[in-house]
Every structure is written in C-alpha cells, then in structure tokens.
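Alright, structures below, take your time with them.
Common to both upcoming complexes is subunit A, partnered first by subunit B, then by subunit C.
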Partner chain A sequence: MFRSVPRRALLAAGATGLVAPLAAPAIAQGAAIRIGLILPMTGPFASTGRQIDAAVKLYLRQNGDALGGRRVEVLLRDDTGTAPEVTRRLAQELVVRERVRALAGFGLTPLAFAAAPVATEAKVPMVVMAAATSVIVQRSPFILRTSFTLPQVTAPIAEWALKEGIRSAATLVTDFAPGLDAERVFKERFAAGGGQVPLELRTPLRNPDYAPFLQRVRDTKPQALFIFVPSGEGAAVMKQFAERGLAEAGIRLIGTGDVVDDDILNDMGRPALGAVTSHHYSAAHDSAENKAYVAAFTAANPGMRPNFMSVGGWDGMQLIAEGLKSTNGAGEGEALLNAMKGKSWTSPRGPVTVDANTRDIVQDVYIRRVEERGGQLWNIEFDRLQAVRDPGT
Partner chain B sequence: MLTVLVDGIASGMLLFVLAVGLSVTLGLMNFVNLAHGAFGMAGGYVCVVLLNRHGVPFVVCLLAAALFAALLGLLLERVLYRRLYGRDHLDQVLFSIGLVFIAGAVVDWFLGARQQLITLPAWLSGRIELGFVGIGVYRLFLIGLCGAIVLALHLGLVRTRFGSRLRAAVDDAVVARGLGIPVERLFAVTFALGSGLAGLGGALGVEVLGLDPTFPLKYMVYFLIVVAVGGANTVLGPFVAALLLGVVDVAGKYYVPQLGAFAIYTAMVVLLILRPQGLLAKAAAR
Partner chain C sequence: MRLALEAAFWLLALASHWLLPEQLPLLGQVWIVALFVLSLDLLVGFAGVLTLGHAAFFGLGAYAAGILAQQGWGEPLSGLLLAALLAALLGLVTAPLVLHGGDLPALMVTLGLSLMLAEAANKLPGITGGADGLLGVEMWPVLGLFRFDLFGRTAFFYALAVLFLLFLLARLITASPFGLALRGIRGNARRMPALGTPVRARLVAVYALSAAYAGVAGALLAQTTQFVSLDALSFQRSAEGLLMLVLGGLGALYGALLGAVAFTLAHHILSEMSPLFWQFWIGVALVGLALAGRGGLLGLGALLLRRGRA
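Let's turn to the complex of A and B:
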C-alpha cells in the first residue's frame, strides 16, 4: 500500500522534531526568531483566520517586529479549518523544517487537538488563539491559551439570567464539542440557582435550518432562549428568531457572544437589537487600550471591525513577546514556556492573566446588550465579572 | 402543528424549484449533472451582490438571478456539456463534480467563504397570524411563487407545442429527430430553463437555506433525493417528492430533533422501497 511511505516519513519527521532542539542549541544570534502561525485562511472558517492574521500583522507593525531585542518573523500557514491532519502536518513542517520557536493560531478545537502531540514531542510552546473547548490546555503541557473557554463565558450569562428573574430557559446549541460544553455549563449553573431548562435542542453543525427548532422553542414558551452557535452562524439564528416572533411571544434571547460576533453584527440588522450575551470582548469595550486598538485595526483593514478572534491573536502575540522579553530573546522550548506562564497585561479586552498552573486565560467577562450607536450595531457592556477562570470540565 | 406543515410545504416548494432542472436533465437528456447546484449558487450570489452592494429591489434581483443562471447554463451547455452527452455516466459525474469544485473556488476567491446575508424588504418580513397559526410572510411568498411556477411548468409541458415536442424527445430522441423536431436546440433551451429555475431557487433560498461556496455540495444530496424519489422526466413526481421531503424534514426537526437530518433519509429509503420507479411513474415506464 502506498499509504505506508508517507506515514513512515511523518514518523521520521516527528523524531527529527524531537531531537532537533537538543542537537542544535542557540542558532546564530542575529537570525530572526520564527513563529509558526496556523490558521484557517480559506474554507468556512476563513473569517477567524482573517481576523487573527490581521491582528498579528498589526501587533508586529506597532511593535517594530522586534520582540525581546530580536527580529521576529511570522510564518503563516493555511489549514483550511476542516482538516485536522493538515494542521498536524503543517505544525510538523514548521517545527522540523522552519525551526519555529513557537506555534500559534488554531481556529477550532479538533485542529488544536491535532497539533498538540507535535508541540509535546518537539517541546515547542503552542499558543491557542481561537479554539475554545475547556480540555484543550490538558492535551499538551506546552499549550497556552489566549482566547477564552466556552464554560468561562457561559457561566456568567446563566447567573445573569437568574438575577434578572428568569426561571425557565430553553437551550439551543450547535452539536459539537464547544456547543455541548456551553449546554452543560449553562444547565448546571442555571439549575443550581433554581432555574428550569424545559427544552434542550442541538442543531447539526453543517447546514442547519433553524426555523423548526425555533418554532419548537416558541411553542414551549420559556422565558428565555440560551443560544450558542459558532461565530458566523449567528445571523441565521437571529433572523429566524425575529421571523418566528419569539420576541413578541415574550422569549428573551440570551447567549454567548459568538452569536452576536462583531465581525457580522452589522449585517444582522434590527433583529439583533436587545440580545443580551456574555463574552470577554466587545469592539465597543470602553478603555483607552481598546479605542486605540479598534482605531488602528480599522485603519489597517478598512471595512473590517475587530472581533473576539482578533483580540485572541493580538494577545497571543503579546504573550509570546512577554516570554521573549523575559528571556532576552534567547528563550526556547521549556524556558520560553516557563517565561510565558503567569504573565499578566492589559489587553484591549481588559486585564488578562495566563494562569501559571493551568496555562489557561483568566479574564473579565462582560454582560452586553446589542444597541444602535451612530447608525451601527454594537455590543454595549453593562455588567462585568472580574477575573473569571475556566470552571473546568 | 399547522405552522410546521406550512413551513414544510414552503421548504419543499423551494427544494422543487431548485431541483426540477436536475430532473429534466436527468430524465430528458440522460445526463448526470451533479453541478446543478452550482447554478443555484450562481443565482444566489447574483441576488446577494445586487441587493447588498447596489441596492437593487429584491424582485428585480430574483429576475436577474434567474436570467443570469439561465444564460450561464446556456453558455456552459453549448461550450462544455454537449461534448459529454454521448459519454458514459462516470465521465459525466467526474466532469460535473469537477465543475462544482471550480465554481466553489471561484466564488471563494471573489466573494469569500462566509455565509452571505440579505435583508428582505419590509413587505416580505415578519409574520401574520391566521387564527391559531402564525406564518412567516416570506414562507407564504415562497409557497405562492413556487406554486405558480409548478403550475406553469406542468401546463407548459402538457399543453404547449414546446411541451409536446419535449415529451416526444424524451420518449424517443431518434424518432423525434426523424420527425424534424430540433432535439439539439430543445435540449439547450431546456437546460437553460432548468438552470434559470435553479438560479431563482438559489436566490429565493439565501434567506432560508443560507449561501456559501459549499452550497452546491451541501444540497446536492437533497436534489438527488428529490429526483430519485420523484422519478425523472415528469414535473409532478419531483414536485410531490419535494413536498413530502420538505414536510418530513421540518417535522422531523421539530418533533424529534435528536434524529437531526436522519428523518429525510429514512423517508427516502421507505419511499424507494415502496415505489422504486419513482412516486408517480407507471410501473412499465421507459
């Protein structure tokens, strides 16, 4: 079978990756530090890739592309978003052939899973900038995360709903790992506070027609509907929510911020108004850092608004920069990893810390409502929970 | 309950408009055109671009979408498809699936891979309450428009000279040609008509089915089910099949959401066991 040849080649490549950092310590001082960035730049999740890539480029431009006194070169690779085996191959190539100091990116959970063993074997720090399932950081001791976890942003909206006097809420999530995470955490928190979940719906990941699901919700008449769908799907849900007249039936729309992603919020139009969601970043976040960030981002990418994916990419670069600074640009492998653990800084989203033990991000989570400001739709933050950790799996 | 039924009928009607062209190419020309959905996608994107970037009224967008897809169909039929009429089915399948990938990549390159969104005009959005049932205005519009198309197609096929020539060409192309019927031209016009309808369906479907470069692949299975269950070469067969599948699909998602998309496949298996020749086909057809 012709399959065995590439597999053997891959094994060999993996083995080389294992010994390479040991055999070749400290490459010439003047050479650029390479960082491998693996993102879905094409395919259905290309918007994630575009946002992160734009943020990374912006970070490098603003910081003179020299981090910790050494020139930094980012190598961008496209894994198309749907092929974990491609992500794994690209990670291997970047580690073995390009000798990257760190891997970064990873748009979706399965892609991060696929690259995790490569990071472990080669002892290369891996910065997850997007994928949001809780367990990811446990897949390799070399993984650090600068995005968020779904349980982390889901728990606050459950608490908020209870505080608002909502006692029954249906759930509607996309049927894949992060969706199930969100569903579980929402139900646990909501039930613990005395809430009822009369209806739990899961929609297929590919090609969901939300109409029948939402009709079912309307007929069940809960006080609120909790929604998680991946970034990009939100508009379709929102439209059906309006068309089915759920708002008129007295059902409030709550969810995680993925539903009202800043990237497409404006295209959703009026149906989105009034939706209350919890998330770690809104482009309307009121801080000097964020105003500067949004202004620079929009100037560099006309017609594009930075969303939570972009800020994950920005902070990923910040984390790598902090690590390189602490080690005077010499850190690699475990030394670089250890230098990155426990770092805190003020991000456009607010204060963040990468926990030294869990290597996961600790950040403020905001409750926001969609409002119209200056002819555009924004997620306006009105409540905040400080230093939220991932509640765990 | 009634709302579910109406939704099912609306989605079935839409499925029919999208798929009827395929049943014509398959039944009439005996050509397996897996790229049929690509014409739907083309229509959808024409509608999105005109509506969002140029502010053209929705109804004009629909017409433009149908026209564009029809012209595209005509062009491709003349330039590419006709070369493969005589080839075996595997060649046709490989050719047309390749066309699907090309179409997807072209759209991705120019317009990006994200889901496209449109805002319907006010007179088509919202819902109305009829007694106990609330029905989306757009779904009613779909039912009305698609219903009119079905009627027109059926009458066109049964009552007009074009229709009778077409049916003659279906039954026996050789004899039809011998009688002086311009079978070649008939094929081209019919192909364009089918593509145009797909384009219209794609444009109508942006709001309901969504639109991205994987559209032709995502819905190919649905189109094939409609044609397989309905039987090729009639109008009413696929129509009944599409209605049935639409209702089963929507009702399945409503009543047993755990099953997901399986309801539609179960329905297909059952129907094909009961009526392997197609829903309305006579046992000895062809």
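Let's turn to the complex of A and C:
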C-alpha cells in the first residue's frame, strides 16, 4: 500500500512523458500551414538547392513565419537532383503524410515532370521555383512557375547579337529539355534575322567534359558562341573557354544568364569579363528591393551571393504568401491555386506577374555584361525588355 | 524456429501496411529494392559471379515495362513478363562475355555493359526520353481491379506480392540440385566438373535468371512510379545493390531482404533528419556495421541468437 502510490505516480508521470511529445506536434499541425520544399541539396546540382533553401528561409524570417495570418512550416526534402522517382515519391509522401498545402522547389526539368502527376491527382498547387523548360506548366493544371523559361530569356540575346552585327554563332547547350528549348529558340530567332549557326553542340547532363566541344568551336571560328548550361556548371565551361583560347580567336561569349551564374561568377575570374548574356535576374540589379534583398541574403549567408535560383525561391514564397493572404490563410487545393493565379508584385528582379491563364511567369528580361566593380565581378544590366512572356513551344 | 522466424518476417512485412500507413510509397519502393538485391544475391552470393553492372537489367526492365505502357498497353503483369524476358535475353547474350575470365574481368565487363546501355538510353531520346525521362506511362489497374493510387496502397501490395512469389521461387531454386551446384561452383569451380556438373551452363543459367529478377524489379519501379529516368541504369544503383547485399548478408536469401530494408529505411530517415549531410551518416553506419560483424545484419542476428541461447 505504502509503495504503490509512488509507483503509480511514477507510471502516470512516465505515461505523460511518453504521450506529451506525440500530442505536441498534433496541436501544432492544426495551426501551421505546411509547405513541402523538394530540392537537390546534395549531388551535382546542390548549389541550386542551397540558393533556394537560403532564400526561402530568409523570406520566412523576414515575414515572421506567418503568411496570411497563419504560421507556416516548410518541410525540406532532398531529391539529389538526378533521381526523378525520388522526387515523385517525396511529393507523394509530403501530400499524403504531411498534408502539405503546396509543393515547391523542383530543381531540374525531369524532376518537375516526375512530380507533376502527383500535384494533379492530389489537387495540390505546385510552385516550380527553378526548372525552366517551357512545357512544364502544361504538365499539370496545378503548376505555377516563379523561375523563368529558356525561350523567354533566349530570344532577347539572339536579337541583341543580330543588332551587334554578329552574323555567325555556334551553340553549345546541355542535352536535356531546357537546353533543347534554348537551342531551338536561339536558332529560330537568329536565322530569322539573317544569322547563321554553323555548329550546334550538345553536352551530356551528367559528368560533362567541355574541352573537346570548345575545341571544335575554336576550329569552326564563329563570331560568337551561344551557351546554355544548368546553374552551377558555368565555371567549368568558362575555364575551358579560357584554356582553349576562344577569346583570343575572336569568339565572343553570349548566352543565357545561367552560364555567368552570380553564385559562382566571382570564381570564374578574368575569362568571364565581357560575356554578354540575357536573363531575368542579376544580383547587381539597380533597385531598392534588390539592394535590400542582396544585403539581407549576404548577411544571413556569409560568402554567398544570391543568384537567379534564389530569387525564384523568394518569389515562390511570395506567391504562396499572396495566395494565402487572399484566402485569409484558409485556401487549399483549387481555391489556393486560383488565389495565386494572376498575382503581381515587385520582386528583387523587377516587376513580375504570374499569368492567370498560363500560370507562367511574365517578367522583364535584361541584357547584361560581366564587368568588374569594386574588385568583384557582376552582371551589369544595360538593356531591358519589358514584360516578356514565354514565347511558347 | 527457422520457419517461425520466416513467417514472422513476412507477416511483419505485410503488417507494415497497417503499422506505418503513411509510409506506403516508401515501403513499396523497399520491396522493389529488395527484389533487386535478391537478384544480385542469386548471382553474387550463390554463384560467386561478381558484377558492377546489374542496373543494366534493372533499367532494361524498367524501360521495357515503361515503354510498353506508354505505347498503350498498360496491363501490369504482361509488363513484368516482358521485362523478365528481355532482361533474361540480354543476360543470355552477355553471359559469355562476363564469364569469359576471372573476377576482375567480370567486374569490368559488367560495368562496361551497363555504362553502354545507360549511354544508349541517353542518346535515344526518341525512345527513352533521354535525360528528361520517359513520360506518359499510364498503367491499367492490377488484375483489372486495383488502380494505382496516390497513397501507394496498390503499389505496396503489388510489389510485396511479386517479391514474395519470386522469393519463394528463389528458395525452391537455391534448395534444388541446381542451387547446390551453384554453391559448389562458388566453393571450387575446378572440382565441380569431376562431380559431373557443367559449370559453364549452370553459370549462364543463373546469370539469365538473376537478370530476369532484376528486370522484374525495374518493371515494378516503372509501373508503380509511372516514370522511368536514366537513374534506373545508373552505376550508383548497381553499387548500392551490392552494398545492401553485403550489409544484409551475402549468400543468404533473407540477407538480401534485410539489407535492402535496413539500407533504404536508414537512407530515408537520415536524409529526412538532415537533408544536407545524410550521406556522411550513411557512411558512418556502413563502416560501423562492417566492423561490428561478418555476414552482415543476418550474421549479426544469428550471433545474437546463439549468445541468447547459450
């Protein structure tokens, strides 16, 4: 009798201890809005994941973790960048198990393709923050995009090259959907203006070696070389561009902004100087929003400069926030999707709109040149095309 | 005792559907990986033929089933059959090359063959979709009754059932004279002809059998995810398969299953806990296990059982 009381008390205490951690998340689940973020955090495309993750964290910190009056919880998952079936499974798990309101991230086109059917079947909005092939938004009526499309940023550089009097240009693209998009659009636009494409090269997505490709370009001697490679690959191309002496041979480097990615531009050194590219974002973009963004981003992530991937992540969160705000935090599925369609805001990159019909991003595209400012390399914008849409496939 | 343990294993596998109802997509993939490791076990563990390119068969099966469904025939079981046949055929064709020399040449030839297949798939985007992956795979319901659902319920039972049946078959085969001959070959291939065993024919047969198993595993992945990517043919898949086999216990059928379950779950839990550094912890776990005991998890388990009794 004497001893049974403390034992019972102990049991009760133990039971509470066991149950408490189970009960606590259950309460939190009721309150917080969950967003599933699937990114390549390891593997060859980890830089994309790191940039977007950093931007998403920054967005949440600046907005007090609460969007549309409800606390927001972001669940980060790593899909290693090269395994689409993992992306699909993670999307499935986030929807079924974690009951996320929206899926976000998607570093590369094949990964977005693999996850699209999950979004359709589960009726969960899917915000593509990185992948840039034109057709992605057509893969599911639940996809919205806050990054860019390759045709959108490729057409302007083709026009610019023609204006500059360039009449022959070789192309070098990575052999997967966005690369083929870039190659096709560049060739179409360039040829329509009287340009010639004497050489079209495609490099493999995995473990590419650029040296032999660039040697062939040098041997062909076009006036310019148009390059598209995925984010993070630019440094390797630039190194070979210098080593093969393409600049000395009088071949100008043009391309989409991916090749002079802000994240790694500084490490490319002198060979990058003078490269002219067209893109939707430069860390050197001259606006109050961007200055604040770059300052906050660098403060939170010392040694890192935000690139176009990060701004895709930032605007993805902005889009979700706008959708939640319009629905007072109650939006789910189709209601949330509809609330996100047609939203406009001023991003660090400039004014952007997510088109209500195509669910794709409409934004300004800039022509930039790599220049040295204060001992660092930057993409300095010198021309702007307003409200560019994806020209389609 | 042994039978009870076996029954417990399969009952637990089945019960995981109700124990972990929210993890069905992952568990479905665990069964597929287990089938792949089982196919490796038949070849490496029983016959002693080394390979670094088993993903070739896995990928071939995946693309075969995927393309069949993409072209409008989405019946799952015929997809499995086609995958098994094609993979076995590739196994038969390539077996003479692989069995030509010793262990090291076998490693190089299998690796080379799988790299060639992966590159071919990459360079034929018209058929395989290239680096973008095979899109538009639409599966019909299993047996005309069970639709592949978002929760992964059908995928779970489908993959588990196929794994169970093929496991039973593998058990029969390894216990048969054929299986015993394989063990003999692994032990001492030179003396086996003295017993009247045609060594080469046995090895070719087990190579094709193992290829067919891997092909079915690939087809299961293609059908349950309704997507095929180049990753199905990757070297990493071959290497991880071997890793899981060694982890679980070489040359024992349950070793293959245990290794696959343990590795995939550890992979999942660690990558969820730390999306950035999980590969480091996997490495730590592997080194730790390798030091802890021979014979992998199965060896460790047997050791504990013996100690418990003593």
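Definition applied: the second predicted complex is superposed on the first by the 363 of 393 C-alpha atoms of A that agree within 3 Å, B and C clash if a C-alpha of one lies under 4 Å from a C-alpha of the other, contacts with A are read in each partner's own complex, and residues count from 1 in each chain.
In this section, a residue touches a chain if its C-beta (ideal position, glycine included) is under 8 Å from a C-beta of that chain, and two chains touch if they have at least 3 such contacts.
Computed from a prediction, not measured in an experiment: that's the story for all the values here.
In the superposition on chain A, A:175 contacts both subunit B and subunit C.
Shared-chain residue A:93: touches subunit C; no touch with subunit B. In the superposition on chain A, contact is made by A:84 with subunit C only, not with subunit B. When the two structures are aligned on the shared chain, A:235 is found in touch with subunit B, with no touch to subunit C. In the superposition on chain A, contact of A:269 is made with subunit B only, not with subunit C. When the two structures are aligned on the shared chain, A:110 is found in touch with subunit C, with no touch to subunit B. Using the contact criterion defined above for the overlaid structures, shared-chain residue A:204 touches subunit B and also reaches subunit C. By the document's definition of touching, neither partner reaches A:130: not subunit B, not subunit C.
In the superposed model, A:42 lies in contact with both subunit B and subunit C.
42, 175, 204, 206 are the residues of subunit A that lie in the contact sets of both subunit B and subunit C, per the superposition on chain A.
Of all residues in subunit A, those touching subunit C in their complex are 41-42, 76-78, 82-85, 88-89, 92-93, 95-97, 109-110, 113-114, 117-118, 121-122, 133, 175-177, 204-206. Partner subunit A is touched in their complex by these residues of subunit B: 3-4, 7, 11, 108, 112-115, 117, 119, 125-127, 134, 136, 138, 207-210, 212, 214, 218-219, 249-251, 253-254, 257-258, 260-261. Listing the residues of subunit C that touch subunit A in their complex gives 22-26, 29, 122, 130-133, 135, 150-152, 221, 225-227, 229-231, 234, 271-272, 275-276, 278-279. Against subunit B, the residues of subunit A that register as touching in their complex are 42-47, 175, 201-204, 206-207, 209, 211-213, 215-216, 232-233, 235-236, 239, 242-245, 264, 267-269.
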